[in-house]
Amino acid sequence: MEKLKQLLHQVKNGGISVEQALRELKNLPFENLGYAKIDHHRSLRRGVPEVIFCQNKTIPQVVEITRAMIKKGNNVLGTRASKEMYEKVKEIAPDAIYHEDARAFTILREKPVMNRGIIAVITAGTSDIPVAEEAAITAEFLGNKVERLYDVGVAGIHRLFLNMDVIDRAQVLIVAAGMEGALASVVAGLVDKPVIAVPTSVGYGASFGGLSALLTMLNSCAGGISVVNIDNGFGAGLVAHQINRLGGVEKQ
Amino acid sequence: MEKLKQLLHQVKNGGISVEQALRELKNLPFENLGYAKIDHHRSLRRGVPEVIFCQNKTIPQVVEITRAMIKKGNNVLGTRASKEMYEKVKEIAPDAIYHEDARAFTILREKPVMNRGIIAVITAGTSDIPVAEEAAITAEFLGNKVERLYDVGVAGIHRLFLNMDVIDRAQVLIVAAGMEGALASVVAGLVDKPVIAVPTSVGYGASFGGLSALLTMLNSCAGGISVVNIDNGFGAGLVAHQINRLGGVEKQ
Amino acid sequence: MEKLKQLLHQVKNGGISVEQALRELKNLPFENLGYAKIDHHRSLRRGVPEVIFCQNKTIPQVVEITRAMIKKGNNVLGTRASKEMYEKVKEIAPDAIYHEDARAFTILREKPVMNRGIIAVITAGTSDIPVAEEAAITAEFLGNKVERLYDVGVAGIHRLFLNMDVIDRAQVLIVAAGMEGALASVVAGLVDKPVIAVPTSVGYGASFGGLSALLTMLNSCAGGISVVNIDNGFGAGLVAHQINRLGGVEKQ
Amino acid sequence: MEKLKQLLHQVKNGGISVEQALRELKNLPFENLGYAKIDHHRSLRRGVPEVIFCQNKTIPQVVEITRAMIKKGNNVLGTRASKEMYEKVKEIAPDAIYHEDARAFTILREKPVMNRGIIAVITAGTSDIPVAEEAAITAEFLGNKVERLYDVGVAGIHRLFLNMDVIDRAQVLIVAAGMEGALASVVAGLVDKPVIAVPTSVGYGASFGGLSALLTMLNSCAGGISVVNIDNGFGAGLVAHQINRLGGVEKQ
Amino acid sequence: MEKLKQLLHQVKNGGISVEQALRELKNLPFENLGYAKIDHHRSLRRGVPEVIFCQNKTIPQVVEITRAMIKKGNNVLGTRASKEMYEKVKEIAPDAIYHEDARAFTILREKPVMNRGIIAVITAGTSDIPVAEEAAITAEFLGNKVERLYDVGVAGIHRLFLNMDVIDRAQVLIVAAGMEGALASVVAGLVDKPVIAVPTSVGYGASFGGLSALLTMLNSCAGGISVVNIDNGFGAGLVAHQINRLGGVEKQ
Amino acid sequence: MEKLKQLLHQVKNGGISVEQALRELKNLPFENLGYAKIDHHRSLRRGVPEVIFCQNKTIPQVVEITRAMIKKGNNVLGTRASKEMYEKVKEIAPDAIYHEDARAFTILREKPVMNRGIIAVITAGTSDIPVAEEAAITAEFLGNKVERLYDVGVAGIHRLFLNMDVIDRAQVLIVAAGMEGALASVVAGLVDKPVIAVPTSVGYGASFGGLSALLTMLNSCAGGISVVNIDNGFGAGLVAHQINRLGGVEKQ
Amino acid sequence: MEKLKQLLHQVKNGGISVEQALRELKNLPFENLGYAKIDHHRSLRRGVPEVIFCQNKTIPQVVEITRAMIKKGNNVLGTRASKEMYEKVKEIAPDAIYHEDARAFTILREKPVMNRGIIAVITAGTSDIPVAEEAAITAEFLGNKVERLYDVGVAGIHRLFLNMDVIDRAQVLIVAAGMEGALASVVAGLVDKPVIAVPTSVGYGASFGGLSALLTMLNSCAGGISVVNIDNGFGAGLVAHQINRLGGVEKQ
Amino acid sequence: MEKLKQLLHQVKNGGISVEQALRELKNLPFENLGYAKIDHHRSLRRGVPEVIFCQNKTIPQVVEITRAMIKKGNNVLGTRASKEMYEKVKEIAPDAIYHEDARAFTILREKPVMNRGIIAVITAGTSDIPVAEEAAITAEFLGNKVERLYDVGVAGIHRLFLNMDVIDRAQVLIVAAGMEGALASVVAGLVDKPVIAVPTSVGYGASFGGLSALLTMLNSCAGGISVVNIDNGFGAGLVAHQINRLGGVEKQ
């Protein structure tokens, strides 16, 4: 809205012609790589540094997109990235770091503004860790302190209770669980804070690729849960960041 | 097998002819009411008193089946019975009792042999009570002591922990839960005893008529859970009884 | 954790016996109404005033639960409440207010602490309003300022853009949409704030009772969306409140 | 109908015998390759040049079918064709062209009649491009001008608005989108023209292989959308061609 | 786009202030009825007269929306309208006509521009007629000549062949079919024209409320079919109209 | 084919003109009732007397269709017919008989040719009887001897074995079963004859309206089973008749 | 039943002791290979020569089972057999024949009794041939004359009509079709004979691995269709054989 | 509860400080391996020796967890373990045994207490054996006598009846079946004992990866069945053990 207002003023002042105004709107913020339009203004507009969803992309595509991003000085997060992809990215960005568990790479060119609150990332089992790590790395990349609490599922629920201090310290909680996905309900029953539930595709048989955990989480009787897509660690990390930011940022 | 052996001996001894033997096998154990063959030997063979699944039956059908059963002196349990059905049954069996929450009636002509162990029936919410009561009444009808622990779902999990003594006393546990159905996992995580999980159709939206709870229970990471059909309180009560009986019966 | 510590100190000081300590933990915080244990401490522990999910409950049950709650001076929100239920509740709580669109009643005995931020509640169509109102009333009941923006679905997307100021003012957004549910994605594509998506069961044919909208929202490419159950306006309102509270409360 | 009439006349005139008439109907238009009957009259009757759906066919099968088609001088489009298939086809048709993104090859022996109108092919993301290209190549093969507008999904909806001129120029629009599939609704909300929606299997988790996008598109509130099968780029291109042709053909 | 250009010119000329320009964009085209924003410019912008989807709306809502529409002189189509709704609408619009089979009412204040081509509406059985009529009435309302061909499903396929002249005359075809939905494939196999398939919820058992017909139509091997939502006669009529219009309009 | 040949000969002989030939094909075999085309030649062509699927038809429609059928002297079977429908049909056909369990009426104007073989109709429970009776009445109406064997499901499998003579006598078997539907497998495991399995919608919870029984029957390890739609007693009866007829008809 | 009678007589006559009678029943008809009990009497009892479902079996298992079968002089059919399996089977049975399209091998040690009627096997497309061939080979192996009619799907329905003579000659019809599966309905609409429909998993997207074709076939409006499992060519061939046999066998 | 009581006493006696008490609860029972917290007390608390679900774990993870377990002298069961995993485990535990059919390894350091009753493990076909063996090995590992009865499915139901003695001897029964899963119903119809049903993913087409068998088992009309997840042999073995233990243990 602000941009339109400013443009209208420029038009009024004769600073630019009507045609120029229309053209500016249309041409400025993109550059064309042929198969993808990168929006350099996006980190401003959407408030998040650049993210590449690498799955279903070829290695050359990932490298080319990365190159365009770092040329602008942006921080870059590549999710669902194979080690092989990372190796090629490292050739053009030697400071790129690979997070094996999270299957992600990060390139930090600028220190992110840090949110004050802590995000707790909790998993039911060890098999849920890759999804949890994607969430954790995403949250850290976006400027959040993250505490991890893994393998505390309902089959051994006392483990969860013995780590209540982690849960108490956190401002936002992410719970990743496959199989029956009941952990999210238990956690939400213990706290009065936003809980982001991530169903994982861990399981077999009637887990139907994460559907069972997804339905469990959607039907939770314990208020305060909202859910993202199956295995969507990135989404959970982003939502948690947007929520956590409301609690204010650290002084710099 | 025993019956066949005995028949073969009779045939051998000339006690009965081959034709008679064949006819006996065929004709003896049934009587024909036109629309249903009642098996008077069933309470012996299957070890359970007679049960009528009243849903989808007309009131006259239920009354007629009941009449045939009590003529033999059997105990009768009518499940999914409306109050209206009960009123008509009462006319031929004044000692029939109606269990409103369970939507069931019972006619006790003979005191059942009592099992030694206790069956605990647990629900997540108040809406799960009808299914739980069907299980409880079934178990009691078959000769079990039942302890009820209702409305202790994961949204307020401390309520469950404060009643651990009920869980400790029980030999078999039935857990009825709708919505996300996570309570069964939590209970099974706390004990080393058989847990019969009954998903209920309580819920809305993505609970899909109990499917969500069913999947949760089937996928439970906490070993020791087995599951019956959605809303199948009777099945849960019967399974729990068959298990509980293994622990021995009370002296009479 | 704090309570346990305190209890341990009392035990140490001989202030109470071990048996008393155990009993206290067990007996204090509940009272038994027969079919439901109301937790008077819950509003403290869980930070939310009392809420009754009236669907599947009888009118006498709702009235009795309400009576117990208001005796303690709590604020009460009854969701999925018929007008008939409300009429009976009003007899014991004349200050009860009925919100027809939201199918909810509220009893406010104490002014809630107000959060500073605004929650925007947005719907795609007019048929989504009941769910949206349940969310809005819930959020207001819990101490939030709510702005409503209804009937701005993607079929007439310019309506949404012409009301960007509402979206800009809000700190948290709730989007209720049935049919294809695409509105949540569009909104999340425009802002960098938490968006709570509520699929509604509005639609027919292949909308499958809200499943289509649910899947759309879970699969949204626009980061920042988390989803609650189909038609779960209450859940959306509660999550939005928990998030909004992180932005601080108004001075009193 | 015309053919039958003509045949009846010939029979009447004694031009052919009844037996000949019956035989002619039966034997003329096919030739038998053993595993597939190619219909040389099909391009006339159905108005489309020959198309081979190569998936699930062996390379020799594809080559043999191609050979039979080009012997008649037909234009040929092979969809879902691997590069390896193409290499073998090229040996018998050196003018065959491979379209890598579309996974298709074309052999043009005759210039197609060109339709006057333009078909716009739009995708939500870069991963939807293979399906979109299959649609685009099909439409071009059948005699249509195609304009491509890729990666303009609802996560960055302003990109779509800045390219409204493409949408304005087109007579028919094809929208390919996976994940939540909301782009089709947004486009249909902006125009009063036929929109062919193609759900793609792009996504993961609850996208269920394209089901989510399919349901979204079927439930679209924005009138004017009709849908083809998941990933069915060919179908979309053919439907768009049949529609576009109604607007008239270019003078030759 | 044109509007923005014009506004920019006015701003440039000082015809209006920047603030006025912004305000104008925002306030002009809507009027607020409280529960629904009617877009009087919509018939211009979207090219279709006003349509009310009456299902899930109350009678007073339908009447009020109708009143606002006819005040502007628009033609009105009310779909999924009960006879009762129609009676009330008739009180404010005595020229309203009710189409019983289609469950729709129409108010024609202005003769629509007529398209040159014919739309054929075909059904498999008699039970599919309500959906077919909704499509037919919609198409006629929007200015199309419609020919109906009902009850010609694949169980008696010769009936279809004996009416090939209707199919030959039509420029666009709508096929409504429930149960197995195969008719759409058969029709599309006979013609080289756009076929809009409407699955209907007619059937029982494994028809799953129209899902079977929907899947059949989406999977059709006969190219040229595109599909709308189950029972969505209106959508089929609108799509067919948009396509048919490409063939030109009649001279007036 | 025969008809076409004959027509060609007539054309050749000048017996009829080409135009007449075309017209004859088109106009002769139908008469138009407005909402349904009755095919008087169908009983000849398709070999079955006339059948009306009454569900989703109004009583006047059923009466009118019946009237047209009996005017030609055809036998009539009305399936899914309410008693109310029957009462009205009886007014025009006093010899109509109502089969309450089967929800069907029959009008026999001509004795059907009787097949030599016997069809056995078997059900698992008493609730499956309506579907079984629809099958039985259909088969009898078409000229078959039917033996019924009801309530012999796998929960009491010895009942089935004690009636093996019925199974032995039959040439074709129909098995109707809901819930788990296992009876069809058991029967097919015992015989080497065609078994038509009819899943019924009897059950609750995870029976999903007959889906469970349908899947069981489709997956049967016991060869020789083929399946019709859920609750499709008519279809089962018709298929069984077509099979049974292969065994020859009785001398008349 | 006959066996039991005979045994009873022997017992009566003192021919065998009761213990012997019981033992005989138990031990005679099986031999134990460790992982599978082969029933040498099965070809007698079930009337079909031996069949091995090779999928999910190891090559040594298949070879060993085959060896045991041919030792008894039985004919053997191995379905879902890889060429590799066949090569090993051939080492112990040099007269084994491999049917590549059907993925099956046959060993004929005895000429089967031939049924008089013809079975027609029809496919919609070329991709359905493997399933159709499994059906055809099975039927031939069991003693039936088979006529094949491939690639006559509804997309080119005139091809079907031009081969009506095949359909006319057949006594039973098998129709294999994937994608939309409509061919079964069309065929059943043309004939008054048993039609066995086999859905195939051919297709993509919303064909859901054959589910679409399965539902189409189950919902067919054209009476006379019964359905077997997806891709179950063997089942179709067996059912067709059992039906065809009712028409009598050829003189030998 | 006992532990808390004991701790309270220690606190009271000054045996430990409040801080120590809290710390003890928190730190004692776990040791941290980085990716998994092993609970050495679990075999005591949960009554089962240690079990590792190896699927989705790397070989080094499995080895490391095993090492930690055997250091404590626990018995270890590794399920879903590849032979390769076993080879590496054997290097640190030479007494480890691999059970090929069950895909499991066991390390027995202490003889388990043996339950008195027998568990029967029954399969429908040979393909169900891996799941059945997982159940059998689990049950044996936990201290149960197991009798196996394989390949006795409903397609050859007489095989089951000839082995009734196994069924008679058992105290608990496990039935593993894929495809239609009807065997569990048949077995439960014959006995009055707990039956644990395990659906297996054996099958194709409409078996949908075990869903068909799962639904069959859940819907069984024969009371006394409870169900575990698809392919969950371990769960079945554990549940059976917990039930069997109620019948008492053998004297040692």
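A, B, C, D, E, F, G and H label the chains in the order they appear, each numbered from 1.
By definition in this document, contacts are C-beta pairs under 8 Å (C-beta built on N, C-alpha and C of every residue); 3 or more make two chains touch, one makes a residue touch a chain.
Note that the coordinates shown come from a computational prediction; the quantities given were computed from them, not determined experimentally.
Mind listing the chains that sit against chain D and also against chain H?
A, C, F, G
Counting shared numbers against all numbers at the contact of chain C and chain H, is it over half, same, or under half, different?
Same, since most residue numbers here occur in both copies.
So what's the Cα centroid distance for chain A and chain C, whole Å?
26
Counting only Cα atoms for the centres, state how far chain B is from chain E in Å.
54
If you average the CA atoms of chain A and of chain H, how many Å lie between those two points?
Chain centroid spacing, chain A to chain H, equals 38 Å.
Whole-Å distance, chain E centre to chain H centre, using C-alpha means?
Centres of chain E and chain H (C-alpha means) sit 59 Å apart.
So which bits of chain B are touching at least two other chains?
In chain B, the residues touching two or more other chains are 1, 156, 205-207, 211, 214, 218-219, 223, 229-230.
Would you mind giving me the full set of chain pairs in touch?
A-B, A-C, A-D, A-E, A-H, B-C, B-F, B-G, B-H, C-D, C-E, C-H, D-E, D-F, D-G, E-F, E-G, F-G, F-H, G-H
Considering only the defined contacts, which chain C positions touch chain E in the complex?
126-127, 129, 150-152, 156, 159, 162-163, 202, 204-207
Using the touch definition from the top, list the residues of chain G that touch chain F in their complex.
1, 45-48, 51, 117, 164-165, 168, 171, 192-194, 196, 214, 218-219, 223-230, 234-236, 238-239, 242-244, 246-247
Using the touch rule from the top, collect the residues of chain H that touch chain C in their complex.
The touching residues are 1, 4-5, 8-9, 11-12, 14, 17-18, 21-22.
Given the complex with chain G, which residues does chain E contribute to the contact?
Chain E residues touching chain G: 124-125, 153-157, 179-182, 185-186, 188-190, 203, 205-208, 211-213, 215-223.
Any idea which chain G residues touch chain H in the complex?
25-26, 30, 35-37, 39, 42, 55-57, 61, 199, 201, 209-211, 214, 229-232
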